[in-house]
Every structure is written in C-alpha cells, then in structure tokens.
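Should a chain be cited, it is by its letter among A, B, C and D, assigned in written order, with residues numbered from 1 in that chain.
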Amino acid sequence: MSEPLLRVAGVSKHFGGFTALSDVNIDLAEGERFGLIGPNGSGKTTLINCISGALRNDGGSIRFRGEEISTLPAYQRTRRGIARSFQIPRPFHSMTVLENLLVPSAYVIHLKDEEGEVKAMEILRGMGLAERARSPANQLSQVELRKLELARAMAARPKLLISDEAMAGLAGAEVDEVLQILFKLNEQGITIIMIEHIMQAVMRFSQRVICLDAGKIICEGAPAQIVANPDVQKAYLGA
Amino acid sequence: MALELSIREIDAGYGAVRALHGVSISVAGGETVALLGTNGNGKSTLMKCIMGMVRPTKGSVILKMDSKDFDLTKLSTEEIVSLGVALVPEGRRLFPKLTVEENLLLGAFRKESRAKIPENLAFCYQAFPVLAERKRQLAGSMSGGQQQMLAIGRALMSAPRLLLVDEPSVGLAPILVSHTITKIKELKERYGLTVLMAEQNFHQAIRIADRGYIIVHGEIVFQGGVKALEENELVKNYYLGTA
Amino acid sequence: MSIDLLLEAILFGILLGCFYAAVSIGLSVSFGLLDVPHVAHPALMVFGSYCTYLLASTGLDPIICGVILMPVFFVLGVLVYRFYYETFEKRGTEAGVRGLAFFFGIAFIIEIGLILVFGVDQRTVEAAYIGSSLELGEYRVPYRMLVAFGVALALTLALALYLSKTFMGRAIKAVAQDEPALRLMGANPVQVKQWAFGIATGVSALAGAMLIIVGPVEPALDRLYIGRTFCVVVLAGLGSMTGTLAAGLILGIAESVVLMLFGASWAPAVAFSLLLLVLGVRPQGLFGR
Amino acid sequence: MTGPIRSARGFWAGAAAAVLVAALLCFFVSYEYFFFAAYIVLLFVTLATAWNILGGYAGYVNFGTPAFFGVGSYTAVVLIQAAGAPLALQIVAGAVMAGLLGLFAGALTLRLRGIFFAIATVALIFILETVFINWRYVGGATGLQLLRPEPLPPFKSYTTMLFFVMALLAVGSVAVARYIEGSWIGRGLRALRDNEEAAEANGVPTLKLKLFACTVMGAIMGAAGAPMPMYLSFVEPASTFNLNYTIGALGGAIIGGTSHWSGPIIGAMLVGTLQQIITVTISGEVNVLVLGVLLVLFVIVAPDGIIGWFRRKR
C-alpha cells in the first residue's frame, strides 16, 4: 500500500510544563476533506502549526508525500505543497490584495509577475475578490481578509490546504460563501484540513473528522459517527 | 448580598465582525450562573464586555452594588477590578516568568485587597496545596492543571465580590476539569461570592450552577434553571451542531 | 605574567564589574523589562555626569549631587516615556524602526548638545576620596573605585529588592509579559511603564554621578557605554537583576584582564566583542529564562 | 504591460543623464571646492540608498554604517600599501570585504529581533575601530598620509576624478536598490517586514533574504568607503569609524522616505547639502545637531518622509 499524502505519527509538543499535544497520529489520503475539531485549547492550532512548520514538534514524525518534513523550515514545506491560512488574518499590510498573492506565486511557483498576475486574478475572481485586487490589504473588511488568507494560500498551488478557522466570526451567509469556496477547491483535487468551531460547517464539509481533547485524539470517524460518539459528547458537554 | 449584574441588549464585536447580538443576562448576588456554548459563540466577548476590555456598541452593562449603580461600559478595566470584580481569563494568562507567589501577590494589586493578603494567601495555599509546594517555581513551568489553579487563586487574591471565570476547562484533562469546577464551588461558598462562569463543558458547569444561559452565534437561545437545561433535548443539538 | 598581577586585575575587575552592573541596571529595566529600544540610555547617563559636574562645582559631594538629581531625572524619564508611548507604542505599526531611530537621534542630540555647551574637553569632579588609594599590602585600591563599588552594590540590591518586594515592582516585572492580564489585576500598564521608565532614568542620574567619580567624562563617552550597558543587559538575560550583577562582574573582570595583558588600547573592544559573542551564541543570556 | 517598461526606460534615461551631467561638470566647472563638497553629498546618497535596502525594505535598522564604510576604506589602504593597487580594484575589494562583514553580522544576529541586530552593528564599529587603532601597518591611531597618484586622463584633477567615480557609485547603488525594490526580492523583503511568519508560510526564505539584503548593503557601503582615503589623502580610525556616517545614512533614508528608492536620494541630497552649508558657515557640531534634530522631527511628525507628502497628496 502506498504511503498517504500526509502521515502524522506520534507527534508531541510541550510548552514549558504544559503538554499541548501528545502522541497524535493522523493519516490523510489525497483529495480528502478532513475536519479537525475539539474544544478550545485542545491543541488544534498547535497541531497545524507543527504540520505547517511554524512550530517544531518535540517528538514523532511528520511525513508529506513520503518525505520526512518535521525538520524543514516553514517555507520549504510550503514549497513542497502545504499551504495554510491564519486564524487571525495576517495580510502583508503594505501591499495590495494582488501583490499579496504575488508573494507565493513568485516564491513557491516561481512565476514571473505577468503570469502571476493572470493566475492571481483567476483565484481572486473565484473568491469574489477580483474588484478589490488593487486595494491596499489594510483597507479590507473581515470577510475580505478571510478570503484573502485563503486566496493567498491558493496562490501557492498547494496539494494540502489547511484552513484555520476561516469562518470564525462570520455571519451565516458569509459562512456558506467560504464553505462553497472550499468545496470548489477540493473538487480541483486539493486535500483540505478544516479547523472550525462552527460545527454545522465542519460536519457538512468533512468526509472524516478527528476530535482532539487536551492534546490527544479522542475519536476519529465520519461526521455522523463523531456527533454520536460518547467521548466527543463528553469532551464538549462534559461528563 | 446587595449585588446585581444586569446586561441588557448588548451588541459587540471586533471591527466589522459582530460577536454579540442583543444579549441580555442577569446575575443576582450569591448566584452561580453558567454561560454555556461551544467556542466562537461569543462567551469570551461577553466576559470582556463586563471587564471593559471590549466596548459594546449598543446596550448597557450595569453593576448594582450596595444600592449604587455602576455603568461598566464607562469604566476602565482597572476601575472595574477595583470595584471588586475579578476575571479568570480564558487561557489563564499567567505571568510565565514570575514565580507562583509573585503571580498570587500581583492578584492583590488593588488597594482594597492589600490588607487581607496574609489571610487570602494562606487560604489559597490551603485550597491549592500544590501552589504552596511550588511557590518559588516559575508559573510557565507548571502543568496545565496547576496553571488553572494558580489563575483562580490569583483572581481570589483580589478579594472579589463578583468572580468571572472564562472557560476554566480549557486544555485540561477530564479529571482535572471536574476537580477545577468543584474547587470553584467550594471557593464560592467559602467567600460568599457571586459567580458567572463561561464554560462549554455542559455537564460539569451545571453541576455547580443555579441557572444557565445557552449562547449560540452571539445570541442567547435558551435560559433556565439547572433542571430545565438538563431536560432540554435541544442542548445537545445546539452544541454538536445537529440542530 | 605573574599571579600577583592577575589577582590585582581580577580584584580591580570586581570593583569595575559592580560599577558596570550599576550603570546598566537602568537599561535592564527600560530595555530588559519594558522592551523599549532605549539606545539613548548611556547618553542620558553622561548627561547626568555633566549635571553632577555643575552641581558639584558648588562644593557638594558628587554622590549627594547624584541623589539630588534622581527625582529630576525621574520626572524626565516619565516625560520621555509618555512621549514615546503617545508617538510610537500607541500607533503600533513599525514602532521598531522609528523607535530605534528616535532614541538614536535623542542620544545624538544630547551628545552634541553637551559638546556645544561644555566643549570636547574632559571634565572631573573633586572629592576627598578621589585621587587617593587604599593600601592593602602590596595592592593599591583607589578610594574612588571603592566608593563607586559601594554605591553600585547598594543601588543594584535596592532596585532588585524593590522589584521583587513591592506591588509596583512586581507589576513592572509583569508588564511586558502580558499587558491585558496586568489590567485584570487592577493596574494600568501605561502608568506602570511610565513609572518604571522614570525609575530607570532616575537611577541613571546616580550612575552618571558615579561615572564622573570613577574617571573623567567627555560628551562622546556614551558611545563606549552603549557597548558596556547592552553587553551587561543581554548577557544577564533581559530583565534579570541578579543576572545584571553577575554579568557586570564578568565584563569588569574581562576588561581588566585584557587591559593588563594587551594594554588600554584594546579595552574598548572587550564589551563589544563579548556582546557580539553573546548575541551569536546565547542570545537569551546567561540567566535568561 | 507597458507601464513598468516605460518607467524602466525613464529610469535608465535619467541615470544616463545624471552620469552625463556629472561628466560635463567635470570639464566645465573649475572651482575645485565644488567637487570636494559634491563628493560628500553623493557619498551620502550612496550610503542612504544602501541603508534603505535593509532598513527600509526589510525593516532592520543598521547603526553600523561606519563599520562597513570603514572596512571599505581600510581595505583600500591595505591594497595601496601592499601593492599600490588601482582605484577600481580598491573599490571592488572594499565591496567584497564589507559585503562579507554584512554576511557575518547578519548570520550572527538577523535571526533575532531588530534591536539586537542594531546593537550588534554598533559593536562592529567599535571593534573594528579598536582593531585599526592597534594595526600599525595601516597607520594605527595616528593615521597615515597617502600620496595621490596622477589622475587618469581625461580628468584634470584627482578630486574631479573621485567626484565622477562617486557619481557612478551613487547611480549604480540606486539602480541596484531600484532593481531589488521592484523584483521578487523586494516583495519578499516587504512581506517579511509586514509579517515574518506569514512570509515564511508563503514560501519566502526569510533568513536568506535578510542575509542577502545585509550583504548587498554592506558591499555598497564598502565600495563607497574605498575611495575615501584618497579623497582625504589621509586615513585614521577616529574619522573613518565616525558615527556621523550612521546618522547620515539613517537620517537621509528616513527623512527622504523609506518606501521608495527615490526617498534616500532626496533625503541625502537635502541633508548632505544642508550639512555642507552649515559646516562652512557655522560649525561641524551644529551641522550634526541639526541633522539629529531633523531626524527626530521627521520620525515623529512625518514618518513617511518627504516622499510621503507627495504620495499622500496624489
């Protein structure tokens, strides 16, 4: 059997005396829509920071397309096909929306500006952000900033996209809009990890869900199984 | 005790994102009230509105104390703290490079609480013996459960009358969650506190609460006594998103 | 090289080291604890030396002059921080580059201002303990070094005690770690920082007085002390008071030994080289947490 | 996409015109002091432009201009002493040595916060000054008199020739800065200045880019320092490793504006000219004081510099 797209094996992470992750194992198949849930502070963001390279895991291994990546710097991981959006948007505020997208297109895809702009405009149109292309990033609304996060991640043409709470704080219609964008990207063959607090969204989107609690995986399965799982109920509702 | 917190019809948010829509809740003196809901639904924002860390764009937050009314939307966080309101913040927010004892003593920064330091410190150490054993240790080097104890202890050092606790269960293993919640109940009884606790762990929270509110997408969708909450089938749906 | 000479160098280094700790302790608060890129700290100190020089010309003891100047410098420090806060910290964006440029400009203005008023000549003060030495067997220890040593030790210990035993002191240590959490303790972070910066500046008045007791002072002296003070503060691990004392001793002994082995012309490079070494090898400092 | 191409043509036309004007001045101005003063203004343009590559685009403050500049100067002196090397070789060697120094300083401290890099660059100045004070071969603390060779034809004096060389260096450094600013390198530098973690996540090798910028900055400053001993016919540590170069480079860039390559040109021209006037009419100290006050004022009141005024009005 060939190796999965992403294999997280026995990963742990500590901050001082605090254990943020312990023995986390995840296999992710190509093209999957994968949900990562868990109560606040359960280690979701720490886990994706370890996968994307913003943090180094203390123990365990992370393999992407058969290659050990856990010692690579973040930019190398992006170049190998892992892109992410940030929970709190981090635009390059001195640049326009379009220029924001030209950063990954120059550094990851190695496109010349002319080609990069064409591709970036395509992505922006797909996200309904095209008319804002020439606006400075620091003038965007919250929804637009979230879209910019996703659009910029897409400009790196990732094989794996990690969406870190791209919908937090958005209203109902806006949630649907972002969700549709993610579905569309998945149809193009991109594997997606979605971290979300909005349960309806995760459950609608994901084919498979993992629930973290206090740094450990407590349950894994299809959305319906997860909702029915007593451990998950315990993690959220308590015992 | 003459104390009442009443929040009426507040809207609040960050930039263009509205996190609270017309939320009204009230907490009477001596009560333990639970604010229930999963994350991202506005619990922390509400706590911050009470503490003056987020300003509501609409509505009022009034603290009645000893027949005086304080409009908390007009006061700074420091002034609210000195009225006798303490918050155990989400994620604990300890000073990681200070020792356990220094963290506790900082809790007693407000002038009204300084006289009672020996008494309060002794009580903290009695309630949480682990803090006494580790009083010279740096706060950042302690485990998650110990840090939560310290955060609660630190809030108590200010000798508050109204204690707000934001997500005490965050990042804790189940056994510690239960332990922490039990402690809050003990402390409440011992000090005669009024407690408002934001918590997503439903069953643990209503174990010690008198009443509760369920908040979903920044709106109160259900309120009632413990019995009503327990018997309500909708709770699970609200929580797990199957509604 | 004889053991005797080495011992003498180490003894002198210890005296010098305590003095270096004392002149760095203000920076240990303003940069180490408050995270303000205060490259003008040594210039303010030299400014303190010149103020001492003026006051001492009335016949006052220079240490007394330094103590008198402390409240004045405290107020100056409060004003400088207030200004820095309103202009840079509050606005947030790119405070780094502009804050650094601001303090560098201030240092420059102080230095040139002193040159315009006092000229480039060295200035000294008079006191009974300046010029004579204590004979300890075959060693001679200048009294001025002993006086500076005593005052430095007292100052360092007093500040360390203040920071760990008082409410305001603890708040100062906490403020850069988590400002919103400090608000929840009922303290206003801006007021805490303002107070702390006042103390750091007030302390540098006394440090300036010691500077002119230990040796003659000229306007450009602050440049050397950029190296010494930042070396001590970084080596100590930002904001650690006991670390500051230890780091001061390390620098003092290192300088004194280099002075003995290679001569005075190499001494200025010691602090700067040690600083580079620490930054490259262990930027969290010896006592960093 | 005709816009960028047309403006590129405009730039090169302007650069060629600048060089041509410099050449014409060499033959039609006979007042020697003019070249002496203009050389310094052009030197400041070069230094400020180099400073801005790291300071403006990447947001890392360098206080060590004299260190890079001085390494260039002393590399030239060593070559003159050892082999009587020609000016062009001195400049190239100065650039290489100062570029290596930039690489070293960057590798040591560019992983850290900007303040640590800034302090480390101060350290470089004093360490190098101490080294050269103790190095007899290049004159030690007292310095060294240097004999100027005959100017190359068609220049009528060595000062005129140095003026022209410095004009070439200034134009060259602006061209380099402009290329970096407009290329993927500049975009990466701005990205990491805006948000380092987001830059990494978008494929920008932040440390490598910073090292590159720091090396280029050092090399340009070194090249600008190499002709200085011949300009003065003298070299000594105190005036070579002088903090006035720090404030000149930093002040020129910040006063002119750091967001565009034209900012440091405008700022350095203004500051350099003003300094020449004040030094002659009042005193050297007052001139530095004015520069310090201007710098602080601009940082407070007009953080986007002079070009910020024009950009906002547009």
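Following the convention adopted for this analysis, a contact is a pair of C-beta atoms (placed from the backbone, for glycine too) under 8 Å apart; a residue touches a chain by one contact, two chains touch by 3 or more.
Being a predicted model, the structure only gives us computed values, none of them experimental.
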item	value
Result of counting contacting C-beta pairs for A-D and C-D, higher pair	C-D
Most distant chain from chain C, judged by the mean position of its C-alpha atoms	A
Most central chain, Cα average position	C
Rounded Å distance, chain C centre to chain D centre (Cα mean)	32
Euclidean distance of C-alpha centroids - chain B vs chain D, Å	57
Rounded Å distance, chain B centre to chain C centre (Cα mean)	43
Chain D residues counted as touching two or more neighbouring chains	none
Junction residues of chain B, two or more chains touched	96, 138, 140
Overall pattern in which the protein chains touch one another (line/ring/star/complete/other)	ring
Set of all touching chain pairs, with the criterion as stated earlier	A-B, A-D, B-C, C-D
Chain C to chain D touching residues, read off their complex	31, 37, 39, 87, 94, 96-98, 100-102, 104-106, 108-109, 112-113, 115-116, 223-224, 226-227, 230, 234, 265-266, 268-269, 272-273, 275-276, 279-280, 283
Chain B residues within the chain C interface of the complex	51, 53, 76-78, 81-82, 86-87, 89, 93-98, 102, 105-110, 114, 138, 140, 154, 158
For the chain D and chain C complex, residues of the former touching the latter	55, 59, 61, 63, 108-109, 112-116, 118-120, 122-124, 126-127, 129-131, 133-134, 141, 243, 246-247, 250-251, 254, 258, 285-286, 288-289, 291-293, 295-296, 299-300, 303
Of all residues in chain D, those that touch chain A in their complex	1, 184, 187-188, 190-191, 193-195, 197-206, 259
Residues of chain B defined as touching chain A within the complex	13-19, 38-41, 90-91, 96, 138, 140-144, 146-147, 167, 169-174, 177-178, 200-205, 217, 235-236, 239-242
